[in-house]
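After this come two complexes, each holding chain A, first together with chain B and then together with chain C.
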Partner chain A sequence: MSFLHINNIHKRFGETHVLKGIDIAIEKGDFLVLVGPSGCGKSTLLNMIAGLDDISEGDLLLDGERINDLHPSRRDIAMVFQSYALYPSMTVAGNIGFGLEMRKVPKAERREAVRRAAELLQIENLLDRKPGQLSGGQRQRVAMGRALVREPQLFLFDEPLSNLDAKLRVDMRTEIKQLHQRLGTTIVYVTHDQIEAMTLASRIAVMRGGELQQLGTPQAVYDDPNNLFVAGFMGSPSMNLVNARITRDAGVLVARIESPSGDVTLPIVRDRAALETWCDRDVILGLRPEAITDPSSANRQDGEIHEAELEVELVEPTGADLYVVTRLGGRGINARMRPGAPLESGQRARFAFDVSRMVAFDPESEDRIRDVEKASAEMPAAALDVS
Partner chain B sequence: MSAGSLVARRNTLARALLYAVLLTFAVIYLMPLYVMLVTSFKPLEEIHQGNMLALPQDWTFAPWREAWGSACIGLECSGVHGYFFNSIKIVVPAVLISGLLGAFNGYVLTKWRFRGHKIVFGLILFSCFIPFQIILLPMARVLGILHIANSTTGLVLVHIVYGIGFTTLFFRNFYASFPDELVRAAKLDGAGFFTIFFRILLPASIPIIVVTIIWQFTNVWNDFLFGVSFTSGDSAPITVALNNLVNSSTGVKAYNVNMAAAMVAAVPTLIVYILAGKYFLRGLMSGSVKG
Partner chain C sequence: MSKPPSSRGGARERLQHWLPRLVLSPSFVLVLFFVYGFILWTTYISFSGSGMMPDYTWVGTRQWSRLWSSWTWGIALHNIWVFGLLYIVTCTVLGLLLAILLDQRIRAEGTLRTIYLYPMALSFIVTGTAWQWFLNPGLGLERTMHSLGWESFSFNWLIDANMAIYTVVIAAVWQATGFIMAMFLAGLRGIDGEMIKAAQIDGAPTWKIYGRIIIPQLRPVFLSAIVVLAHLAIKSFDLIVAMTGGGPGNATAVPATFMYSYAFSRNEMGIAAASAVFMLAVIAALIIPYLYSELREPRS
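== the complex of A and B ==
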């Protein structure tokens, strides 16, 4: 039995159907990140777990107990809000201790708990200040302290880093991850930032339009996306998606992609059984930028490299990498090359494609075309959990 | 001469003109107050000499003492002090209760929205636009039924009822811009309806509380129509007493006593403005940002 079980949950606001049957199950100690564009329903789902929004249909189970109708304060859940939501008229200590005070924890015990939480977050010297006198990062810490101090079963984070500047955001991200590792707590975290999702999560749930698109480990979601949306949403720079035609070339199943410098044919090695049925039909191919490199830095041990000569359209150095734009299947695609590769726009160069990482999508339904055995192994855990 | 200093000189000139205009208006507005003050400190003979603007040659507190303690109002000759305390007895509960109710209304209308909350707010708001005169007769009837006619308690009720519209408007607009996330956080922390109000919202409402107090205090203290309609004799507020004092002078008009009594009636509102005035604009602004 999973620790947090979101079972076929629906949310309706009058006529609008905001969440359309979400199924997610996670284990104790998991770090679940709900990620998706704004309006996908991720915050609504979080508020429903917290008890701040009603559940229209479905069950919410925490540690085996159905908590749909339990008052927020009795769910043993703490939440960190996007705006931090610190009580402006109370000191930092008052803010952190408020939850305990409401639960009638004796004063001495409360003070000790507040001190411990403050120590953990290194804000002991701020305990007597008011929220108005704190910087953004300090407020963030106080908000986390308020959640930590109650030692709840489940932590909820609602885009907690979105109000911080870029550098602080990266620091706090690391800190949240360390905190999670140290305390082993179960966390549900909402963000629209896919990098946050990748770095923090032990499980990612990608959502769009009130529907769960994919649930899995960050690597699985990244390498093995369920559909075009997930493929395009996760990763930065995003996955290259090009139109291609599946054909047979000397008995070998290949994908043929148009390009100004002559068609490129790449052999199909992944999901070959499924793609057999797509022979002589158009598909959309997905290839991560790091799966298209210069021949010298291609990963020949794990991957299966296929080279082609293409025209360089644009060169974008980032310092750590060199992104090269070329034209393929009517679109500009990004290739990640080693920095300092001697390339200039307009020049022809050899590109190494790692075809073992290539994925294909149905252009109509936008769903992934994948082998059947593989698909069943990638189904969400909740669907398998029949107990 | 450089262009810079020319501009600077033109600015100084404009500024001087501005101050001259402001000063003129200030003098015009302050003139009646000045006349009241100097008259209240003059003996009657000096007033009869005619120069209203002159400072008293012979300063005296006698008119103030008389106005406070021995001037005749109707048949009673004990000054306005009793009526002054009547007004205090009316204004304090009326302001506190209408303010608290308004704060509660604002809290519920913004943070615990219910079906039809907009209509309810619209109706409450509507009460701000009902003229005093319209409710005189129905209110007299209600006070009669409740057996609190001709008492300060009755006036307290009238002012609470009349004040709720405004206080609700103030607090609702203020709380509309108060972050909902704070209420949600408090709910998760285990705070209930009243705890959230008294511990989270109310301590953060100082600016709008000040606005409400100033507004209600001035309105209730300065009210004459309700006072004169619903009370008589001993239970009248000071505004009514002042009117009666001026009207019941027999023979020679004691202008100095009248002025002193008028000052007594005006001082509390002045004090409230001086103490809380700087919050007034700030609070009104903060309430009006979001509606």
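== the complex of A and C ==
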């Protein structure tokens, strides 16, 4: 039995169907990140877990108990809000201790719990201040302290970092992850930032238009996306998606991609059985930028490298990497090369494609084309055998 | 810094520079004379021996001591104290209560809000006259009840010297509560909804969410409401004139009606001026700190 079980949950606001049957199950200690573009229903789902929105249909089970109709305060959950939602008329200590006070915890015990939470978050020196006197990062910590102090079974985070500036956001992200590792709590976290999702989650649920697109470990969602949307949404720079035609070349199944410098032919190694049936039809191929490199930095041990010569359209150095844009299948695609690779725009260069990481999508349904035995979204990338 | 302008451009610039001052100066002069000038004049009169007509002989604080030894002035001060306190407290409490009830996402909120606000659109004279009719035992509520068959019904506060001041409170509260409600409603709408959700998760019952989290945040609204009501209370002249005329006897006299009757019917302009200056001082003591705190540059 899983710890938190979201079982076929629907949400309707009048005529609009906001959530269309969400199924998610996570274990104790999991860090589930709900990610998706705005309006995908992720915050609604979180509010339903918190009890702030009614569940139109379906069951919500926490530790085996159905909590659909339980008042938020009786669900043994704590929530951190996007606006922090601190009580401005109370001190930091009052804010953190408010939940305990409402639960009639004796004063001495309460003070000790507040002190412990403050210590954990390094805000002991702020306990007597009012929220109005704190910086954004400090408020964020107080909001987390208010959640931590009650030691609930489940933590809910609603885009907690989106009001912080970029640098602070990265720091707080690391801290949230450390806290999770140290305390081993179960967390459901909503964000629209896929990098936050990748770095924090032990399980990612990608949502779109009220439907769950994929549920899996960050690596599985990244390497083995269920459909074009997940492939395009996760990862930055995003996955290269190009039009290609599956054909047979000297008995070998290949994907043929048009390019100004002559067609590129890449052998199919992944999901070969499924793609056999797509012979002589068009598909959309997905390749991560890091699966297209310069030949010298290609990973020949784990991957299967196939080289092609293409024209360099643009060179974008980021310091750590060198992104090279070339034209393939009518689109500009990103390749991640080693920094300092001697490349200039207009020049022809050899690109190394790791075809073992190539995925294919049905251009009509936008679904992934994959072998049946690998259809489970839960399968981690390491388990994918590349023959 | 900039080049000296050519003569034509200079004339134009000079005109642009002086035009706003030219346009504003008549009203500035008028206000200076008729408002501040007469404040000074009234202040002087309160130290003069004026009776029916202004008389500029300086008599020191004689009028002031006559004012403070006047029996009617004592009643007026007592009345304004009772009236002001009841008016401010009742309006604030009722206004807040109505705002909280109206904030529960009820249907037809817009209509109700307008209905509550309408009394504010009436002048004090209309309010006073209407309530005078309504509470007049021979005309309004009591008579209606009697004609409906409830013979023992009696509500004669309006003609009872001990109770008449409370009828004025009722009418004034009826008029201002809607406005105070609108102020509180605006304050309630400004409160972050996530904060209320957080308090729900923290396990606070609704009355505690209001008592501990929402109402403390309405402090600036309380301040504004009290200042608005306080100065309305002190200025309450027309309502009392229309409703009771200060009577029965002097039972509902307030400083404003006191001042009016001393100036225009009792020919004691000096005493009236002293009472007027006193009222101005009280209002200034209320308003100036408030304006100062509101208009001061917000500091981070």
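Brief remarks follow.
One rule holds for everything that comes next: the second predicted complex is superposed on the first by the 375 of 387 C-alpha atoms of A that agree within 3 Å, B and C clash if a C-alpha of one lies under 4 Å from a C-alpha of the other, contacts with A are read in each partner's own complex, and residues count from 1 in each chain.
The definition used in the following text is that a residue touches a chain if its C-beta (ideal position, glycine included) is under 8 Å from a C-beta of that chain, and two chains touch if they have at least 3 such contacts.
If you're wondering where the values come from, they're calculated on a predicted model, not measured in any experiment.
With the C-alpha superposition on chain A as described, chain C and chain B clash in the combined arrangement. Looking at the shared chain after the overlay, A:Val269 reaches neither chain B nor chain C. Looking at the shared chain after the overlay, A:Arg103 reaches both chain B and chain C. Of the two partner chains, neither chain B nor chain C is touched by A:Leu120. Using the contact criterion defined above for the overlaid structures, shared-chain residue A:Pro72 touches chain B and also reaches chain C.
Applying the stated contact rule after C-alpha superposition, one finds that A:Leu183 touches neither chain B nor chain C. Taken together, the two structures place residues 47, 50-52, 72-73, 77-79, 81-83, 85-90, 98-99, 102-103, 146 of chain A in contact with chain B in one case and with chain C in the other.
Across the complex, chain C meets chain A through its residues 192, 194-195, 197-204, 208, 212-213, 216-217, 219. On the side of chain A, the complex with chain C involves touching residues 47, 50-52, 71-74, 77-79, 81-83, 85-90, 98-99, 102-103, 146.
Chain contact summary for the complex, chain B toward chain A: residues 179, 181-182, 184-191, 195, 199-200, 203-204.
Those residues of chain A whose C-beta lies close enough to touch chain B in the complex are 47, 50-52, 72-73, 77-79, 81-83, 85-90, 98-99, 102-103, 146.
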